[in-house]
Amino acid sequence: MATSIKKLPDNEQVLSGNGACGGCPATMALRIVGKALGPNAIMLLTPACAVASMGMTPRLAYNWPCINITFASAGSSASGISNAVEIMKEKGRLQGELPTVFSWVGDGGTYDIGFQALSAAAERNENIIHFCYNNEAYSNTGIQRSGATPRGTWTTTTPTGKRQPKKNMAQLMLEHNIPYVATATVAYPGDLYDKVVKAKNIRGMKYIEILAPCYLGWQFDMAETVQLSRMAVRSGAWLLWEAENGKISFNSPTSLIINGKKEAAPVDEYVMKQGRFNRLLKGPDAPERIAEIQGDIDHQIAFMRERAKITI
Amino acid sequence: MKAAQVRMETGAYAAALAVKSARVDVVPGYPITPQTSIMEAVAGMVESGELNARFIPVEGEHSVLAAAVAASAAGARVFTATSANGLLYMHEVLHMASGGRLPVVMCNVNRGIFAPWTLWADHQDSMAQRDTGWIQYHCSSNQEVFNTILQAFRVAEQINIPVMVNFDGFAISHCLMPLTLPAQEDIDRFLPPHEPEWRLDPAHPSSFSNVTMAAEYAPFRQMLSDDILASIPLVKQAAQEYKDITGMWDGDTIDTYRLEDAEVVAFAVNSMAAELRLSVDILREQGIKAGLLRPRLYIPFPAEDIIKALPQNAQVMVLDRNYNFGHPGGILASELKSVLFGRRNDITIKNRVIGIGGIDLTRRFMADEIRAMMNE
Amino acid sequence: MLELRINGFGGQGSVTLAHLLAQAALENGEQGQALPFFGVERRGAPVRAAVRMSPTTIHAHSQCELPNYVVVMSEKLTEAAVNEGISDCGTVIINAPHAAAIAKHTTWQIDADAIAHEAELFSADGPLINIPLFGAVCRVLNIPQNIMEQTILNKWPGNSGKRNLGAAGKAYNTVKQVSV
Amino acid sequence: MKSVTKAYRPISWPMMGAGGDTGSWRVHRPVVDPQICNRCQFCWVYCPEAVIDRNEITIDYRYCKGCGVCATECPTGAITMVKEED
Amino acid sequence: MKAAQVRMETGAYAAALAVKSARVDVVPGYPITPQTSIMEAVAGMVESGELNARFIPVEGEHSVLAAAVAASAAGARVFTATSANGLLYMHEVLHMASGGRLPVVMCNVNRGIFAPWTLWADHQDSMAQRDTGWIQYHCSSNQEVFNTILQAFRVAEQINIPVMVNFDGFAISHCLMPLTLPAQEDIDRFLPPHEPEWRLDPAHPSSFSNVTMAAEYAPFRQMLSDDILASIPLVKQAAQEYKDITGMWDGDTIDTYRLEDAEVVAFAVNSMAAELRLSVDILREQGIKAGLLRPRLYIPFPAEDIIKALPQNAQVMVLDRNYNFGHPGGILASELKSVLFGRRNDITIKNRVIGIGGIDLTRRFMADEIRAMMNE
Amino acid sequence: MATSIKKLPDNEQVLSGNGACGGCPATMALRIVGKALGPNAIMLLTPACAVASMGMTPRLAYNWPCINITFASAGSSASGISNAVEIMKEKGRLQGELPTVFSWVGDGGTYDIGFQALSAAAERNENIIHFCYNNEAYSNTGIQRSGATPRGTWTTTTPTGKRQPKKNMAQLMLEHNIPYVATATVAYPGDLYDKVVKAKNIRGMKYIEILAPCYLGWQFDMAETVQLSRMAVRSGAWLLWEAENGKISFNSPTSLIINGKKEAAPVDEYVMKQGRFNRLLKGPDAPERIAEIQGDIDHQIAFMRERAKITI
Amino acid sequence: MKSVTKAYRPISWPMMGAGGDTGSWRVHRPVVDPQICNRCQFCWVYCPEAVIDRNEITIDYRYCKGCGVCATECPTGAITMVKEED
Amino acid sequence: MLELRINGFGGQGSVTLAHLLAQAALENGEQGQALPFFGVERRGAPVRAAVRMSPTTIHAHSQCELPNYVVVMSEKLTEAAVNEGISDCGTVIINAPHAAAIAKHTTWQIDADAIAHEAELFSADGPLINIPLFGAVCRVLNIPQNIMEQTILNKWPGNSGKRNLGAAGKAYNTVKQVSV
């Protein structure tokens, strides 16, 4: 059972009056992450909504030491910091607990331009946590396609719908054989909290990806942010799982879908709620388009069900 | 001054020994000819325990410098090295390092750039970085490489600007020469530990390089421009104190040879400037009053020291090992003209681009070039 | 300033030879410089290295155009090496069982392969000829034998050093000038 | 080595309202009815702005952006969104 | 001349329309503010079939230009666009494009660079690329953006050198202005299809940019340097023929305003140069004989045209929107001094760096600046 | 059954007197690749031994149009070329068969600095073949560690032995859901030939990785190059497999090891033949070090055996 | 658009001996004994230099580097490596 | 040259309003320019846009420091907008049910919200006030009503266009100057 809401700690690392859109799922998620990490951490950010939201010099909305770095560099810069604090501690120039070094990066900075440095950090098993808050597009520049954009999605660079399915990023990180990989989303704060606490206490490379339904990019009413997050999980469009040392376990409610205790909701409702899909579903080809989206989801569920059986 | 030690070392190994002497904390690295030898030496020192530091073998140069600047922001003393396309690949992060005032020290082992591929020395790689806001030295011997890296850390940490130490591939990096190693206590006296006045510190949370409105952004850039110029006295001080402590001297912002009474002044940097001393001797033997002015500091451009040093009515023969695209000739010539404009109308400047892609620059060849330029 | 060029094939140990000579200069109270030319050559392809010795600081950083001495590690290369450039009345040192004198140049000959064989100095590519050649060149340059030996022992403390001493010494004493 | 200049670095410091008085962005205002509220803290946990007091279930209107997430997630319907009157 | 069409378009959309008019084959792209609008427009045109080309949404700018140069080597007409850090990230490939003589055309929508982050215009991004061997234009209106992209393809393909077309972010890219679209037949007459004399062709196998010894490498670089200078007449010809065919004129290598009798000459590029026309009028009203010289072509630096155009004894007020680190002031001033050295000792050059990080440059502000500089 | 040696075509795309070391496995492999691709192809090269081997301007040892590109760029530049030739053909500016666009890249250019562009090309399912000739190090710069260097290997940057296991690159490409992925090595030319022919006839992204034992980096006698390749397969240090549309099948002799018909040879002989390993196996910790290497191999065999069972 | 200059590009053209007369690199020379050879073509397929004629099983010594792979892979021992005499 | 600044909140459609006004200038046989200021503002945060009209080519590319006209899309912003800068004797146009005259400035008032409501023009953030405001500003700038209408129809051919016409027309005819 995930930690209950009432048991979540009081500390707030995300300060009120930040620069994010109302209802921002990334900010929502970061608040929970902050409760799990606490103040003794160093945050890295690549250009993204999270940067536009953090306040402009000299004002800061996050209550951590933060460093903005070049877009491709989360994996390498985080490695630089974690090596720096460790050697400075060894040499006695730092006192107290080692801070947790974590990157807070969008899907563009994770799936695309930042993937190489991230993959290399995983290969070196650097002692960092990489968070990907995934809003399935380049939101900060106005919604362009990314490697995380699902097939059939409208973006400004795929006006008739993206042709290729998204990368299965969390699985790719899993196949790097790192000690911890997890997926989460804003509708399940207790689940997210527990995963971050777990990651914080594991040495080596950790990857946590958080689905972040963005009303601006996905085109729904901002008040529905958490609803969309929940629908994504219930329809199987987003799967909740974690893997310690390569062993996958699914988290509720995804676990129910995986082990057949519960049917995944058909994707229609989820899709129709979002302008990024439904604007392309007004033509006669709507049924095939929906079927394609449903097909990608079904494939992913079936695949991960099998993949989880490998426990070597 | 404690007893120093003399040994035969390559320029690349001299650089690694300087890194060890500077007690560096973090060294991200990636191989590229001819720089690779430095990283191999450092990796060896770290694994053998000779140097208590972290070597991070990242997956490419953009990541090398990204790891370096971040480690520096965390408060570590950071070194790295690269060459040619490795340096070009770092370009975006070079701007970040200076804009963020992070005192990383990097060796660039000069090599011509792609396309097409060449392995051999010219200066297009580092000179194409002249607008990135880094302080740049050029060295003309193994000993100067060693000495300069130590001086570079001092200056970088004093003024919070990254420093690039350039020297030619092969001609210096793979050239075995005598190297004088000062005693470690002397070096420690010259270069105390890094004490940044700001770092990423959970006890005092603060953020680095958020989005910045013009009203704040412009002053940051102005300060960077001002502080780069303000590093000149620090460069001189570092050279002087290094001399006082170790007895060694390579010049401060500039280095000269037989310049006082010169009518013809060779103007060049890096290893060719060392060879040019011999060319000057040849020309003098031929009855030409030749001399040499070598900017040891390339950025900031030591305009005042050059203006002071140049003899009246001298013909300055600028020998560039790079191209200043969009202008005829090379970059050094153009920068020299710009600083002499309206201030030294007595000077004539002539310019040739030589030694591109590693063309061997011998004392005789360069003496001939200079003689030919005189009759232009 | 004394300038010397080594011409050999990749794998023959020309870089080590150049380094040893530069070391010997230092050992001998002079300044030394070894400056091999690096390219994309593979094992077996022709290679070059420059060596300089001088009582005063060496400022030169170019390859040796017109060296006072040329060391030819394989007689196959003799002609090419000489054509590459040598000062008038420069000296040539050739590794070969027997060698003919080179016109207008003092010529020395040494059978480094034989000596290496004898001393059982081998590498993947055959005999390690750079050790005996080092001895021979030292002799030609009038570097005292003890300096030559000290240089070897500094580089290879221990047994391999000893074995090398023998071969180098033999070469030091058997290298001979070819009469025209 | 100690720095000789106070390097003028692009540094920022934590503060509330780093994004401005975001309360002014509101089009609708969330209003909690304490009679109906059961203190489940759902609104608190989902509020991206951290403007809800988890114990009092009161809202800091200086910064509340009026996104309406709290109202949507409230299981008891204790929160209503009312148009801001300018 | 066929009937042209006038419509209101942003600078970004004007660029996209030029890409369509040029019948481009391949457009790799990646988003970055303020350039993104161009890529969005092109992607839209491609998906709608309006433009028969391939849009490749790669994963970062280093890859954008890597895809572009390779497509160009395969014989395609290639366009892309970027800004600020996107351009910096391309740096390594910028050198490859020029060294390889690949005639790619790229828009850079000028924006200040990281660190720290800014979204707004200054010229450090493109001017820091001055040593990469690209020809560079600076535009001062939406119409000039459209016109220049077509002229750029012509020059690039004639001389086999890539061309960068710069214009300010927001002030031009997001500014809605009237745009005159010439008839497609007229454009086709001006810009015939790309006929490279070399390409990657299995029927005639040949290889591009192998490792190259100095003896061959040096001449390649010399030729690049020479051909960049040789593009000046082509730039003039392109402007002239474009005028003959479309009737439109933005100047050729330079553009001037009230310069003939000027005693005080404002010298600047890009959108601020347009605004400066109004400053000149203000100064004239105040009885100051002011004029404007705007280099439309920045690389190659149109030295001869500038030297010819500058009135005797003029005070030239160089307004730089960039820093020339290691020198006081900006890059344009330093380049101007270098070309006037020893040739126009009658000229006084004064310099200020303004508008960094998007500081708004109004006609009044710049007129005041120039007046202030006069009393320096 | 793989195509027999005698049935391999005569055409030679690699010309005699090239610049490679004697016994070069990369050149050996490229010769076979050339027989499969034929002359109608465009080759991309990133800086590597293959470039040092191809001859210096104006001389070329490969009988294809070749382009040298920046190190990080194989995936993106190949995409540029394949899009260029396709649109030019559409527009009637190119006649005849579309050429095969392929990259010939080392492990450094594939696992490390080139991984991002490669991954993105896979996500876009570009119509190219990416070949990785894997000599398990940066050979051209004198043997530094790469993401492909196995744990326990000496390189100049890991003088006491690399601490981290290598990336499972071919599997990572498989998880990108591209139409074709295969592994091969020089000792099995028929197998390599067949895989390249297959790849050539599939539209979309193809990845083929070829183990290339390099005497200089691995430190063995160059005449043994093919022997080492064979030992790698027999010991299970290298697995031969291919995957069409995600379905993995193993090739002989790996198939025998996988289905238990044949024991994998213990790694000792393979390891002891190589200076890069045995120079670190002179101390008392030799047994553990060998056990660690064997452990990584056993794990990989067991894992791929299971992974192959997923046929979704 | 047609180019007006013959752009001086870094182009190379296919030829044998692009790496030089690589035969001179040889330390040992492979010698085939036609009596023993069974024409299996193993040497041909593994030769990195493409210097073996697959039908005649003869070797082009201009370029053979003497790597010895052919000799090692020859199933019949028909190839012996003999020291090059200079 | 006529200069105008729009002050509003993100989401109120200030960019569209600026574009419409620039389009109207062209439609009216003049040159027009719309130059919104873009930042990292989110929906609800204050935003600005510049508009210029001139019979001759417009060279200005800066924001309008001292515009002749200031359009205030929400009365909350009135004071801030005026303080931001306006030419002496510049004109202010305020969207509000009722507005007080601004000292030293001709002041116009229009209830765009009401008109939008009536015409049922809505966006996620409430009434689409930029259409009526466009009508009102055209009236204040003495742009003929038919030009104003043509501009709308060019932008929205079809029904939405028609609905907009009504609202804009109503505003065109009801915007009134506030007497001091």
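To keep things simple, chains are lettered A, B, C, D, E, F, G and H as they appear, and every chain counts its residues starting from 1.
Here is the rule we go by: a residue touches a chain if its C-beta (ideal position, glycine included) is under 8 Å from a C-beta of that chain, and two chains touch if they have at least 3 such contacts.
Because the structure is predicted, anything quoted here is derived from the model rather than measured.
If you take subunit D and subunit H together, the chains in touch with both are A. On a Cα centroid basis, the chain most remote from subunit C in this structure is H. Of all chain pairs, the one joined by the greatest number of contacting C-beta pairs is B-E. A separation of 33 Å divides the Cα centre of subunit A from that of subunit F. Measuring from the averaged C-alpha position of subunit A to that of subunit H gives a distance of 41 Å.
Centre-to-centre, using mean CA coordinates, subunit E is 43 Å away from subunit F.
For subunit H, residues that reach two or more other chains under the stated contact definition are 40, 42-44.
Annotation for subunit E: residues touching 2 or more other chains are 33, 57, 59-60, 62, 85, 89, 92, 96, 99-100, 114-117, 119, 193, 205-213, 216-217, 220, 224, 360. Residue positions 19-22, 51-52, 54-60, 62-63, 68, 70, 72, 111-113, 115-116, 119-120, 123-124, 147, 221 of subunit A are each in touch with at least two other chains. Under the touch rule stated earlier, the contacting chain pairs are A-B, A-D, A-E, A-F, A-H, B-C, B-D, B-E, B-F, C-F, C-G, D-H, E-F, E-G, E-H, F-G. Across the complex, subunit E is touched by residues 47, 51, 57, 68, 70-72, 111-113, 115, 138, 140-142, 144-145, 147, 156-160 of subunit A.
By the touch rule above, subunit E contacts subunit A in their complex via residues 29-33, 36, 39-40, 43-44, 47-48, 55, 57, 59-60, 62, 85, 89, 114-117. Chain contact summary for the complex, subunit F toward subunit C: residues 19-22, 52, 56, 221. Against subunit G, the residues of subunit F that register as touching in their complex are 5-6, 8, 10, 12, 14-25, 27-28, 31-32, 53-63, 186, 189, 221-227.
Subunit E contributes residues 62, 85, 88-89, 91-92, 95-96, 98-100, 112-120, 124, 127-128, 130-136, 208-215, 217-218, 220-222, 224-225, 228-229, 298-301, 303, 322-328, 331, 333-335, 337-342, 345, 348-349, 353, 356-360 to its touches with subunit B in the complex.
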